[in-house]
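In the two complexes that follow, subunit A is the common piece, with subunit B as its partner first and subunit C second.
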Partner chain A sequence: MIARSVALQDEDDREITSLLGAYIAFATGWLVLSTAVGLIVAFKFAYPEFLTSPYFSFGRLRPIHTNDTFYAWASIALVGLVFYVACKTCATRLYSIKLGWVTLALFNVAAALGTVALDLGFNNGDQEYREWIWWIEALLLIAILTAAYNLIMTVARRKDDDIYLSNWYTMGGIIWTLILSTVAFIPLYQYGLGQVAVQGFFMHNAVGMWFTPLTLGLFYYVLPKLLNRPIYSYALGVLAFWTNLVFYPIIGAHHFIFSPLPWWLQTLAIVFSVAMLVPVWAGSANFLLTMRGRWEQVRRSYALPFVFVGVLGYLLGSTQGTFEAFRSLQAVWHLTNFTVGHSHLTMYTFITFGIWGGIYALVPRATGRAPSLTLAGLHFWLATVGMAIYILALSIGGTIQGLVWMSGAPFIDSVTAIAPDWLWRSIGGSLMFISHLVFAWNVWFMLSGGERVISRVEPISEVA
Partner chain B sequence: MSRDGRLVAIAGGSGLVYLVLAILMGVLPGMALSKTAPGPGVIPLTAEQQAGRAVYVAEGCSYCHTQQVRPLAMDKVFGRPSAPGDYAYQTPELLGSERTGPDLTNVGVRQPAEVWQYIHLYDPRAVVPQSIMPSYHWLFKVVPTTPQGETPVALPPAYAPKSGVVIPTARAKALVAYLLSLKQPALPPDMEKAARESEQAMAPAKPAAGQGAAAGGTAAKGFDYASTGPNLYGANCAACHGAQGTGVAGAFPPLADDPVVTTANPTDHVKIVLDGLHGKSIGGTAYGGQMPAFATQLTDEQIAAIVDHERTSWGNHAPTVTPSDVARIRKGGK
Partner chain C sequence: MEHVMSGPPLGNVFVALVGGAITLWVVFAAIRMLIAPGETDPDHPKYSVLRGDR
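Take a look at the complex of A and B:
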């Protein structure tokens, strides 16, 4: 009897492990592809004649970079990890492994078709982060729908009565995104200025109600696991959950400060951008306090440094966002490259580092194969140094851009003034890209590479 | 709470809260603002301009160019503050979120010359050496000889293909038609006045009723445009006449050693800046470009600064003018 159930559990483990492995493998492929595109785009700022061809032109590659990093890299990786976390925290099998594969296929097909269509010049009216044409966007919507169903049904089968905090964030995130994508998808109320309002709402909710809660849910599982101690305060996590839910949807219009959108809508967005400090600081403090006094352990681990940088990215990026929303500062920074720095401080330093932390923490545990500590360290330092150069350069350059505009100098002076920072961005971006190649090598190692033994994997205990 | 109750509360409850917020913050503002009526003088695009707008969207121009003029002093070079009614016929919206290149809301007024637009699209560096905009070669064809009824693009030799002539495709023509259509209609006088006043205000101000954010000013410190000649020349003239006054062969005349610029009497020189110019031959050379009128865009002080810069640079040594000279010529004096 006991032997039988152990065998069954092994079978379950094998299934979820190969599903997780497939999600991570595809996501990694998309990361390399989409950031190769990002790097080409970055070099075009310094060398505008580099690759003059419609298929390599700035205006077509840029949405490929953003949509593929969003929906192919970060989304696929997060959904794979989130399924795994749900199984572990609920001590159950995934509701449907088959459906899990269907979701993965849908994400990949949507991303592949979206990439090709954008490169041929077919897009959804330059609406940032929803540029795929409608029927490709519909495939993405179905992918999210299937993932939501699978996740909720898995949590419904949990062993305990309680639902662990991680699953609050991940279930919430996936349901909110389903609603968000539907609202953004229906064209009926999206004409002229109406579309501007929906776009502001969509843009910020895509980052704040999808990537943010999924990554936070991952942190709530990975940190206690790796550190072998419970999360500092469960209550703080619950507070952050509800405040994030209520405040985030209101701040969308801060993308259009000084635009002809109604003034009160902009003001409301600014007020709630300040309110966002509550969930952001509550969440970050919770993670940092969970790590307190364990810095030696963080230093020696290969997953924890990534999580640590991810938490800092969340804290700094979101706090920066609050300041960016103020009219007085928007007068300098709005429409400049400072925003692009913010996008990467959040989507890269927070989300991407967070995902890496999750992968290095969970995949070796699932497969029994760990990467070499040296190569994980190389990945970490290349990515960290590259990211720091990228963000510093654009924060300085963006500020200069804004000041040149305010000085009344000819517009072209703002282009020449920021040019050195664009070059620095390409240098930082190159380091980041090389780190992604190292990461891809590590993923291969964790999935099917060398004969690493399970004892190399960091100790786990079943807290949480 | 029961086992299932927990799941329903967390997943269903938070989903419901979000659904309500999504309707309040996304759907309802979308519905209300979709009905924004066109402002005075705002008209739909022609079929060709509409086709050009589709090219603009397909090539992703809006990733670098905004189409929203903010009620801030620094945006004044791009036109009057945008008003809600300006966007009535604009779906998809192209407000943009980054200004790597200049705002294009009013580019049809600022840069009305078709030939400039063609040269610039074919290779931006042919007219603006420091530009980092891509070259849109694929919107043009290189042919051995000019076909009947086509006008070749007047490229400076350094930027032209080694052999053959460059002619625009239908897509390029549509795109240029669209760009030239981008002209802000004037606001009715009372709205214009309110917009300008709030722009001057030092403190963040609430917009006058009926105009939304267009009139909402903030920390704008009056008209702070750097008023030195070289700056004004760089912003308004250099794209066509060159930063060194060299012009663009066949399209825009050089100003170095130009007869109108170097003659002692400044009347013609000032008049051309005020009223614009089109289809004139200089020293036997015809120029295809069209110069916009600056009378309503620049003050007497600014025009005097520009004219003086032109009269004293690049080897030119002509007598300079004062703002009162410009005012006199503006009124029709000699």
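Take a look at the complex of A and C:
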């Protein structure tokens, strides 16, 4: 009986490992593609004559970069990781491995069709982060729906009464995103100011109620496991979960300050942007206090440095977002390249580093194959230095740009003033892209290339 | 700052007061949990997740 149970468990482990590997492999492919496109877009600022064909025009490539980063790289990687975390924390197998494969196929088909359609010039207009045409958006919505069903049914099969904190965040994020995507999908009320309000609701919440809770859920599992130490305060994590739910949904309107949206809505968005400091600082403090006194362990691990930068990205990026919501600062930064720097501070420094931390923590545990410590370090430092150059260049350049606009000087003066920063952005972006190639090599090594170096029960940090 | 849809000042005051009150309450709760996390029961999920993997 025991032998049969162990055999079944081994089979479950093999199935979820194969599924996780496929999600990570496809996500990595999309990361390389979407950031190659991002790099071309970055170089177009410094060299406007670079690649002038319509298929390589800024208007087509920019949404390919953002949509593929969002819905192909980050979404596929996070869904794969949260499936794995749900199985482990609930001590059960995934509700349906087959449905897991269907979800992966739907994400990939939507991303492939979306990429081709955008490059051919078919899009949903200028609605940021939802430029895919409606039936491709529908495929994405079905992908999220199938993922939600599989995740919730898996957690429902848990043996304990409690639902571990990670699953609160991941199930919350996936349910909120279903609501968000449905509201953004239905066209009935999306005209005039209604469209502006829905766009504010969708574009900001796609980050804060999809990627953020899924990544935080990952942190609440990965950090205790890697450090072999419980999270500092479980209750604080629960408080951060509920305050995120209360404060976050309304704050997207701060993207439309000084617009014809009702003034009270703009004010409410600013007030709750300040209130968001509570879950952000509480969550960050919780992670940093869990790591306290274990810095040598963080330094020796190949996963923990990525998680550490991810936590700092969450703290700095979200706090910066609060300040950006103030009317006085919005007057300077709105529509400048500062916002692009902010987007990368959150989606890259927080979300992408967080995903990398999760992959380096969990994939070796699942496959038993660890990447080279040197190459993991090379990935980390190239990405970190590149990201720092990129964000500093756009933060400084964007501020100068805004101040020149406010001074009433001719527009071309702002272009001349920010030109050196655009070149620095391309240099930083190049380092980031090279780091992605190193990461892709590491993923191949963890999935199939490397020899088996660690057992499944051995804490990762001790190996690194 | 002036805006064509700024509405009556009392509306803005009401929004700021209610939002501010909720914020202050959760700030207090967060500080209390940071200072004294408690959670010493060995069966608490924060400990069992370290053991309960499969």
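Convention: the second predicted complex is superposed on the first by the 454 of 464 C-alpha atoms of A that agree within 3 Å, B and C clash if a C-alpha of one lies under 4 Å from a C-alpha of the other, contacts with A are read in each partner's own complex, and residues count from 1 in each chain.
Operating definition for what follows: a contact is a pair of C-beta atoms (placed from the backbone, for glycine too) under 8 Å apart; a residue touches a chain by one contact, two chains touch by 3 or more.
Here the structure is a predicted model, which is why all the values come from computation and not from measurement.
A.B. asks: Tell me which partner A:Gln297 touches in the superposition: subunit B (first), subunit C (second), both or neither.
C.D. replies: A:Gln297: touches no partner chain.
A.B. asks: Have a look at where A:Lys225 lands relative to subunit B and subunit C in the superposition and call it first, second, both or neither.
C.D. replies: A:Lys225 sits against subunit C, while subunit B stays out of touch.
A.B. asks: Let me test your reading of the model: by the given contact rule, A:Ser430 touches which partner, first (subunit B), second (subunit C), both or neither?
C.D. replies: A:Ser430 sits against neither subunit B nor subunit C.
A.B. asks: With both structures fitted on chain A, tell me whether subunit B or subunit C touches more of subunit A's residues.
C.D. replies: B
A.B. asks: For A:Thr336, decide between first (touching subunit B), second (touching subunit C), both and neither.
C.D. replies: Touch partner of A:Thr336: subunit B, not subunit C.
A.B. asks: Should A:Ser372 be classified as contacting the first partner (subunit B), the second (subunit C), both, or neither?
C.D. replies: In the superposed model, A:Ser372 contacts neither subunit B nor subunit C.
A.B. asks: Now for A:Trp263: first (subunit B), second (subunit C), both, or neither, which partner does it touch?
C.D. replies: both
A.B. asks: A:Leu239 in the overlay: touching subunit B, subunit C, both, or neither? Say first, second, both or neither.
C.D. replies: The second partner, subunit C, only.
A.B. asks: Name the residues of subunit A shared by its contacts with subunit B and its contacts with subunit C.
C.D. replies: Shared contact residues on subunit A: 162, 246, 258, 260-263, 327.
A.B. asks: Which residues of subunit A touch subunit B in the complex?
C.D. replies: 44-46, 48-49, 52-54, 57-60, 62-63, 121-128, 152, 155-156, 161-163, 167-168, 171-172, 175-176, 179-180, 183-184, 188-199, 201-202, 205, 209, 241-242, 245-246, 249-250, 252, 255-256, 258-263, 265-266, 327-328, 331, 334-337, 339-340, 405-413, 415-416, 419
A.B. asks: Residue numbers of subunit A touching subunit C in their complex, please.
C.D. replies: Touch residues, subunit A against subunit C: 9, 87-89, 91-92, 160, 162, 164-165, 221, 224-225, 228-236, 239-240, 243, 246-247, 258, 260-264, 267-268, 271-272, 274-275, 278, 281-282, 285, 289, 327.
A.B. asks: Would you pull the subunit B residues touching subunit A in the complex into a rising list?
C.D. replies: 3-4, 6-7, 10-11, 14-15, 17-19, 21-23, 25-27, 29-36, 57-64, 66, 68, 70-74, 77, 82-84, 86-102, 124-125, 128, 130-138, 204, 206-207, 212-214, 216, 218-219, 224-227, 231, 234-235, 238
A.B. asks: Spell out the part of subunit C that touches subunit A in their complex, as residue ranges.
C.D. replies: For subunit C paired with subunit A, touching residues are 1, 3-7, 11-12, 15-16, 19-20, 22-23, 26-27, 29-30, 33-34, 37-39, 44-50, 52-54.
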